[in-house]
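First chain written, first letter: the chains are A, B and C, and each begins at residue 1.
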Amino acid sequence: MDGLIGKRAVQFPDQEEWAALRARGAEARARALANLPDLLIRLEARCRANGMEVHWAETTEEANEEVLAILNRRGAKHVVKGKSMVSEEMHLNDFLESHGIESLESDLGEYIIQLDHETPSHIIMPAIHKNRKQIARLFGEKIRAAKYTEDVDELTGIARRVLRRKFEEADAGVSGVNFAVAETGTLFLIENEGNGRMSTHVPPVHIALMGIEKVLERLEDVPPLLTLLTRSATGQPISTYLNMITAPRSRDEKDGPREVHLVILDNARSRIYADPELRTTLRCIRCGACMNHCPVYTRVGGHAYDAVYPGPIGKILTPQVEGLAHRHDLTHASSLCGACVEVCPVQIPISSLLIRLRKEASSGGVVKGAGEGRTRAEAFTWAVWKRIHASPPAYRVVSWLATRLGRFVPAVGPLKAWTTVRTKPRFAHKTLHELTREEGVPDV
Amino acid sequence: MSETARGRILERLRSASVGAQRAERGAQVKQPKRSRDERVVRLRTMMEAVRTEFLEADRESWPSTVLAFLVSIGAKRVLHGANLFSVAPPDSAAVELVPYDKPIEEWKTDMFSNIDAAITTTRGGIAETGTLILWPSPDEPRLMSLVPPVHVALLDTNKIHDTFADVMRDENWAAGMPPNALLISGPSKTADIEQTLAYGVHGPKRLIVVLVS
Amino acid sequence: MARPDSVYFFGTCLVDLFYPQAGLAAIRLIQREGVRVIFPQGQTCCGQPAFNSGYQDDARAVARKQIALFPGDLPIVVPSGSCAAMMRHHYPALFEGEADHAAAAAFASRICELTQFLTTLGIELRDRGEPVKVAWHASCHAMREMGVGDEPKSLVRQLSNVELLELSRERECCGFGGTFSVRYPEISAAMVSDKAADVVATGAQELLSADCGCLMNIAGALGAKGVPLRARHVAEFLWERTRER
């Protein structure tokens, strides 16, 4: 990730510009969220007036059914997909396959991992966990008439050849949405490869999937967020393509889809929305900078999170969506170093939200599964800790004992974990309290 | 199902709207102010950095410049918009000019398999990021800048704006967006294999901008 | 900040139990500048361990006791960026909705990180030590929450016989993170091993930091590898090299 960290840094040479720009980005996202229900209604009305069809789904199951119904109406059997994290939430490919519909990923990274029956390990670079040798072997095995090559240009050429045919023959295209502007009813798709444009312009039907939080109030909100996104994500001043879709093919147009469907998915977002602090989670524009800069993510990789969204954003999103009972462990998989907070282009206070979720897990609150992360042993430990540290006489006794006897404590429990790669911490012979008393440092 | 879902989602959002958090509106990001010539240079520099090629021509000479280029790369069949040429283009035995004059359904395979290049106009450019603005139309449909492996784009050097925000505001895009609008900032590319940059993955492998002044 | 006549010193629990010499050195550095230092004997811990673990009620109970020990409006100097950040930036939120929120917020606004405080005092350091090469570990919370930038390094650079070497990944976390280091020992171990390797690669003879959590973590990893490299709190280093003998 060092390369990406460097590339991003080059894109933000001026700290003042960065501060002003991210403030604008955060403001645009916060304003959109503050007016979310109204903006969604306005977006829906504009999109319908533009000739799109709009569908709503509370759950991923409902979203899948909506997509299936659209495809079935057209008798569609072959679907090409642009990159969409919402479709990953839905496990749309598996769902469609189970209904006899081929759903082919066309983003090169997504195509590679789909060939190997995997899920993305990064939201921007889904196949970052694979090296070219693995990809060369995979293509050799899975693609007919593909010669074995480790040359990246040649591998890319093989994928181009296969996927061009698929675009040409597809009955429908599915895409995500980066921003949906309520003012004009326009869907914005950001990409470098052109597969998104292929998926949204070549087949006769286009289905766009978006989470309810993706809406923006005004067109003018797009430029600052676009530049924040591409610079933060991959260190590019802009992506190769910005595809702005406002309507299906008009009467005189010679190409473009005849139907455009927008599926608006909730999937726990409206629950997250209920709490003003947790709501900041929904500002995310999915740039992935938090992952690239995370010392944990860069060491464990995306699959270790066992979640659709890995890395810091995943650590706050997944427990809120799936519930703290099963996923509160994710909130602890952070040293709270704040590297993610520092680079987040929309100022999501990820560290604070992690602490909030830890509190919800142990002490109850509003998040699904709140209080279910509490264990008796842990609660007892902290109760004892409090007793000692809220009482100067108790602390004096314990710290005296620790400095006299602490070195004899055997390396068990947490200390065992600590000492796998470290020496045991050595207690001092006297505490600072004692030394200051001896030195005559006044205490009032 | 969709209607019930809609009602429930909106109801939950509405019941939560109290205590909405607002962020401070950031200061205006300082705008570069470039002269016309500086804008041309900036656009070209930015686009060349992502392997875009450039030709220069004037209002009269561009058809012969473009055709000469197409011949030089061995393009045989070249797609163009129905009203691209105000006067008949120079005859070339080597290049067949194909107007986009029928719906895609009638010739999809032909377009995917047998078109070597396409020539389109552009609505303008953006200097800051090195970007072309295209508003596809019945005359110049959406796929022209996507499917053929070579895209030749004519850019009027008087129509290069400083930033995306500028052009949106100056042309009042909010008043009405076309069915499809595009920003294009280079040939198709990917870095999905080992973060190694490769060009021409799905869209055009080559993008040639003809600066027309 | 105007130069105060007196300040409070909040030693932190890690300094108290593991690095008391660092605390004493910090106090002496401040005293040498003609500022009276008060060390309330009832102090214990800022409450961060429980706070970061999600036990806010326990953290608040401990925090409340600390606040009561530091009346008035004197600055409170803390020789740890992390504990300082806890008290300066997280106390107000921790006491949100509590009757003593205003008192907590007022207390929070008086918190100063040690190296920033020494810098505002305009401290001048005269090196009396042997030539030595040192590396600096900038802790995450000092950098990102307290906004500590070049201050500690500038203090070290005042010493004429000290060569300050840069880590290749100065801004990366050492992997301590309090309970993180024992909840996710493998990840924490990977992080601290990389940090230790980075330190060794500089060729430094000593590692300095202003955060004892990081120091204990990195020193532990260096020790386990058998690297003969001393890790010290910057206050102790500055005091040892500049005190009159």
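Heads up, the rule we're going with is that a residue touches a chain if its C-beta (ideal position, glycine included) is under 8 Å from a C-beta of that chain, and two chains touch if they have at least 3 such contacts.
Keep in mind that what you see is a predicted model, and the values were worked out from it rather than measured.
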Margin query: If each hop has to land on a touching chain, what is the smallest number of hops from chain B to chain C?
Written below: 2
Note to self: Applying the contact rule given earlier, which two chains have the most C-beta pairs between them?
What the structure shows: A-B
Next item on the list: Considering only mean CA positions as chain centres, point out the chain farthest from chain A.
Entry: C
Checklist line | Nearest-to-centre chain - CA centroid comparison | finding: A
Check: Could you state the distance in Å from the CA-based centre of chain B to that of chain C?
Finding: 54
Checklist line | Centre-to-centre distance between chain B and chain A (centres being mean Cα positions), rounded to whole Å | finding: 29
Check: Cα centroid separation between chain A and chain C, in whole Å?
Finding: 33
Checklist line | Junction residues of chain A, two or more chains touched | finding: none
Item checked: chain A - residues contacting chain C, complex -> 295-296, 299-300, 331-339, 341-342, 352, 355, 357-363, 373, 378-379, 382-383, 385-386, 388-392, 395, 399, 402-403, 406, 414, 417-428, 430-437, 439, 441-444
Margin query: Help me check something: in the complex, which residues belonging to chain B touch chain A?
Written below: 1-3, 5-6, 8-10, 12-17, 19-30, 46, 50, 100-104, 108-109, 112, 128-131, 136-138, 141-143, 146-147, 163-165, 168-169, 173-174, 176-196, 198, 200-204
Check: In the complex of these two chains, what residues of chain C are touching chain A?
Finding: 9, 11, 13, 15-21, 23-24, 27, 36-45, 47, 49-58, 61-62, 64-65, 93, 140-141, 144-145, 171-173, 175-185, 187-193, 216-217, 219-221, 223-224
Notebook entry, point to check: In their complex, what parts of chain A are in touch with chain B?
Noted result: 3-4, 17, 19-27, 29-31, 33-37, 40-41, 50, 55-58, 62, 65-66, 106-109, 112, 125-128, 130-132, 135, 152-153, 155-157, 159-160, 163-164, 167-168, 183-186, 192-195, 197-198, 201-202, 212, 218-220, 222-224, 226-227, 234, 237-250, 252-256, 264, 266, 270-271, 273-277, 279-280, 347
